[in-house]
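Structure first, commentary second.
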Amino acid sequence: MNTITAALGTDRARRPRAALTVLLAAAAAVGAPFYFAPFQVFQLTMVLLYAVALAGLNLLVGFGGQISLGHGAFFAAGAYTAAVMLDRYDTGHLATLPAAAAGCFLLGLGFGVPALRLRGLYLALVTLSFAVFLPPLLKRLEPVTGGSMGLTVDKLQPPAWSGLAEDQWTYFVVLAVTVVALLLARNLLRSRVGRALLAVRDNESAAEVMGVRLSLHKTLAFAWSAMFAGVAGCLYTWVIGFVSPDSFSFVLSITLLAGLVVGGLASLYGPLLGAAFVMYVPSVSQDVSEAAPGVVFGLLIITVMFVAPTGLAGLPGRVLGAVSRRLPRTTAALDRTPEADSVPETDSVPEADSVPEAEPKSPAGSRPATTLTPADPAVVDAEPVGAPPRTEKE
Amino acid sequence: MSAVTDLLQQVVEGLGSGAVYASLALALVLIHRFTGIVNFAQGELAMLSTYVAWQLVASGMPFWLALPVTLAVSFAGGMLVERIVIRPVQGAPELTVVIVTVGLFIFVNALAGLIWSFTVKDFPQPFPDGGLDLAGVRVDWSTLGIIGVVAVVMGVLYLLFQHTSIGLVMRAVACNPASARLSGIWVGRVLMLGWGLAATVGAVSGVLVAPVLFLEPNMMGGVLIYAFAAATLGGFDSPVGAVVGGLFVGVAETLTGAYVGVIGADLKVGVPLVIILAVLLVRPQGLFGRAAVERA
Amino acid sequence: MSEPTTDRTEAEASAEPDFLKVSGLHAGYGQARVLQGLDFSVARGEVCAILGPNGAGKTTTLRALSGMVRGRGSVTLNGTELLGRSPEQAARLGVAHVPEGRGTFNDLTVEENLRIGAHLRTGPRWRGRPERAAVAADLERIYDYFPKLRQRSRQAAGSLSGGEQQMLAIGRALMLRPSLLLLDEPSLGLAPLVTRELFEIVRAVNEEERTTVVVVEQNAQLALDIAHRAHVLEAGRLVLSGPAQQIREDGQVAEVYLGVSVRSRKAG
Amino acid sequence: MRKTTALRAAAAATAALLTATACSSQRGQDDQSTTAGGACKGQQTTGITDKTIKLGGIYPLSGPASAYGTISKGVAAYFKYVNGKGGIDGRKVQFIVRDDGYQPPKAVEEARRLVEQEKVFAVFQTLGTPSTAAVWDYLNKQKVPQPFVATGASAWGTDDKHPWTIGWQPNYVAEARVYAKYLKDKKPKAKVAVLYQNDDFGKDLLGGFKKAVAGSGIKVVAEESYEVTDPSVSAQMASLSRSKADVLLDVTTPKFGSQALAADARNTKWNPLHIVNNVASSAAVLQPVGFKNVQGVVSATYFKDPADPQWAHDPEMKTYMNALHKYAPDADPANQFNAYGWAVASSLHKALDAMKCPTREGLRDAVRNLKDVKVGLLLPDVTLSTGHGDAFPLETMQLMRFKGERWQLFGKPVDTRKEFGPLTK
């Protein structure tokens, strides 16, 4: 109990600073398109739209614990929905967004049902084969999709009253959608659905015993997640103005998952970091080595995972944790006194243990999204058993 | 040619490509049994091994000498990969390790391109040209050879695991690494051994398929996808499942591609998908997988 | 099954009172410090019970002894320092740890599980160790202790009942011919009768093999029945140590520290 | 504690993001473009001065299509060679290569980088139909020339909304017409089986072939496609062999070309006339199959294959070989893609020479008004020609048959425009 109240107290004290941070971030986001060159604004726009897709994937993988290697397919479905509507029916851009969202939600629902039966790896690989199957399917449906030549559609155009350039306008529209999407993701996680999801991820059978309707929530997680990917795909069509089957190969799906893990699973801003990684690092790799950008890119992925095994989002926490451990006695003394009675939980940690219990000071339940995240420094360090070779000395 | 021989001919072709998938699926299954992860870089490591063999042969070494050298190099290379690339993230979440293998995939692919360029290389065919004619059905020696070698590899793995003490130790590590450590097993070394073995099996796979697919850095990319399908169908912890799954996927896609006009060659890749989905809905652990195996 | 003898005294133990010597042991997970400096000794051939409420640090103590968690301070077994060693090394020094939750190899058969236990003696190493015959004999010995395991020797460990799995885990640990056997909550999740049987076997093993045993138990009655000495842990510190008999008889103390009544034991 | 850490991290992330983007500290629109004076008044001179000319190219240096990335090396080697000789009309060429990994969104990003940040004069070559189609709207809107794209889709020449974009190599339909004409002459009753790559390349060629043989005695009796992600085409080849066709039209990229040729050679029961399309006709594709297995294979070409010994003493080929050794030592001169890069770069050289105004408009017009321009690495009778209503620079190809260890050209060069009339949508 002490811990919880203490944590709440400090939270209250820090709230103004938090508000300030949010304000600054908002100002930066709004000011960016006036500061940067159009090309860079375009890059930022791409980061934002990938972030939407990653946030969706995060709902499923990070919070739901189901791995999907097929989200590129939902992304493609959203993109094609928008492109076909624009191309065939000339509906205007805004109309495509709800259609893509609803379409992908339903598609996700359809996939969520069989996904219930599949666990972990098997789900990942079935979704991967779906992603492999999609491009030839799109090519086959030539009358609608334009076949392998793809479809070229109008990009988003700024209305006259805005006085903005095309990039700036696109950026703001995408920013707005992204902010709504990220907030929605956050609220989803704080809702009953989100808590249920977390409970399911951490202990499926226990959650079921507690009365969580497992199948419903898992299916919904898939649907929500697909919807986010579809929205991102729709934005993609707005920004790029061109879709083709080969734009959405299974590599896209793998890239999305890699981006999410690099950014930080189960973290609310991990998707942003992951999207930035996916967007910028390939160019950086090329700047380092023109002969073989892949060599550099591959090494960078590996290096990031070495330095931040729980993703970039977990990195600050890890660094702080490492620093505080380097300053041992002072903090230890502080730690000891008030919480001695909350520590013992660790003793009953089952071996090959799961994440949350190893972190004794988390006021579990109060802030599920951040407290139960595996993007947590303690996870990797706790490692009592089940992570065999780490302590081995030869 | 009658309809029956025609069908049989297609089945043979399917078995030929199925054996190719199965050979890589074996390596995937091996790694998965030990570490519970899916190694995306498995195909690329196999490709790299094949280049080693190619380089040796190109520099004048006879094929049958180059082969064991390559296998030894691959074994050592696999162990090194475990030690250098995988060990540092051993305690991290499983997905982190998987993404590291994705990074390794990109790295190895680009590295091979850098060293050997993307030009197609011819690789010596260890099996004689020509083939058998069985009642009008043509069976190439190379197809037979691939199937034969895959069967042998599967058999050797089975013997190793079920009938040797090192195999017992390896199974124990795969099953419960913590308890294995408490029993005095150097789990780290056994994991290295597992990666080395998988890399060796992968090298066999690469050397087998290179004469048919032609060697270039993207040679194993397509095979990997089908090997995934094979392992998923057969069950990700069963070597027998990997082989049966591979053959099944190969035959199924060849037959539907050839006989079901609506599906055609472009959509035949969807056939294994549907079959896998159907099988997994009934048996979530794959055809030969064990339901009990559940990793934390 | 014979009525448990209640007077296991220190006299039974050997003349090596510091066979296992723990001094100033600190250990924890990450930033959580669980053990706050433990000091105790176990004599060779002794059964030592570590008791205490949930979360007192009992499991962590065993984990520190077998190298599963890192600790500070000093732990010597027969004069050799154990801290700073990995579980693999600890096993080589004769420490056999039966972890909480049994830790059997569920995909392996019963016999394979036992053989893994003797892995260090037969080795995978081709240098060969002249103990194959001895291992085979030990297998028979384990089957004698646990006849149920013999019946199920070809069955997968995962298919055994909880009690059988616990027997298997102990059997596997004994196959190491350990000089120190660590048992973590052997009674967890088992029916009382099964637990009783299990503890009797542990006692028999201790008596016949002269194996030193440290057992962590929440069920103080049972543990005290087979133990020579007992230590009571609370919040990472020793609050009570002494001969098992004395602790068992000092009901009030036990009640205060263990939160359980140990007096009614004789009723059964 | 954790919440503020999170917020701080979020702030740090935002900051990092912005600084990553902040390569140039201003909006960067001020000096967006420059224009010419004098006779060329008002035309864009961005990226070109009296001393320099800045070009950009987008190639797949990574990813599944990286085999084609080496084209950029041939191009770069040519420009370095030209710079060594004083440049193009006194202008040194600066050639910037960017990698799109064969992904259209990446191509858009890189095209914008080249145009807006690097301020190139022209985007010389984008590789592949998807990437080219993804960027051509943008480039045409920006009025940036996109000459000689490295894809043979017919769209580049039949579209009239994109005057700034033009292809170079003979389009796939034209190539199909060459084979159709050959069969009409030699095997007017041929039954044809087609193996094709399931993308614009394969479909364009197959469609063009079907159209060109329409009404003749030639029939397409079987067609099988493959995806670039497929591991092999052996199943497709088995299916095709059931058709008992007497001609196999093999529309593949190099690796699959080798596989198909090898599969055909292995199958002793079916021996069709094997026509392999130009992309997969390099000696580097045939050599791994074994020359003895590819005797009599027919193809068509328009430029000199550096792996073919018959050109070993060709002066331009010698120049190419020497330059490549000197400027791109890590590139294999025998790789036909390097020679392709060289040939297309020297074609651009000719077009730049022909500009009336040294402006973007000048280049746009020059590439659409080429009159029988000879380029050293092209076959002797193949020239670049464009004009009003003809936006296909190369439309002539020559048939060749593999004999011994080399391709042997036969017949007269086929000018598909003359034979079949202009291409329409």
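Think of it as A, B, C and D in the order they're written, each chain with its own count starting at 1.
Criterion: a residue touches a chain if its C-beta (ideal position, glycine included) is under 8 Å from a C-beta of that chain, and two chains touch if they have at least 3 such contacts.
Only a predicted model underlies this, so the values are computations on that prediction, with no experimental measurement involved.
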Neighbouring chains common to subunit A and subunit C, by label: B
Chain-contact steps, minimal, separating subunit D from subunit C: 2
Longest centre-to-centre distance from subunit D, chain (CA-based): C
Selected pair, greater C-beta contact count between A-B and B-D: A-B
CA centroid of subunit A to CA centroid of subunit D, Å: 38
Centre-to-centre distance between subunit B and subunit A (centres being mean Cα positions), rounded to whole Å: 31
Rounded Å distance between subunit B and subunit C, as computed from the means of their C-alpha atoms: 44
For subunit A, residues contacting two or more additional chains: 132, 136, 139, 250, 291-294, 297, 351, 383, 385, 392
Multi-chain contact residues (two or more partners), subunit D: 62, 64, 66, 198, 227, 229
Multi-chain contact residues (two or more partners), subunit B: 106, 110, 113, 176, 178, 180-181, 186-187, 225, 266, 269
Subunit B partner contacts - residues on subunit A that touch it in the complex: 61, 67, 114, 117-122, 124-126, 128-130, 132-133, 136-137, 139-140, 250, 254, 257-258, 261-262, 265, 291-295, 297-302, 305-306, 309-311, 351-352, 354, 374, 379-380, 383, 385-390, 392, 394
In the complex with subunit A, residue positions of subunit B that touch it: 32, 38, 40, 85, 87-93, 95-96, 98-100, 102-111, 113-114, 176-178, 180-181, 186-188, 191, 225, 228-229, 231-232, 236, 266-267, 269-270, 272-273, 276-277, 280-281, 284-286, 295-296
Partner subunit C, residues of subunit B touching it in the complex: 165-166, 168-169, 171-172, 174-176, 178-187, 290, 292-293
Touch list for subunit C against partner subunit B, complex: 66, 68, 86-88, 91-92, 96-97, 99, 103-108, 112, 115-117, 119-120, 122-124, 156, 158, 172, 176
For the subunit B and subunit D complex, residues of the former touching the latter: 1, 6, 9-10, 13-14, 16-17, 20-21, 106, 110, 113, 117-123, 129-131, 138, 140, 142, 209, 212-214, 216-223, 225-226, 253-254, 257-258, 264-266, 268-269
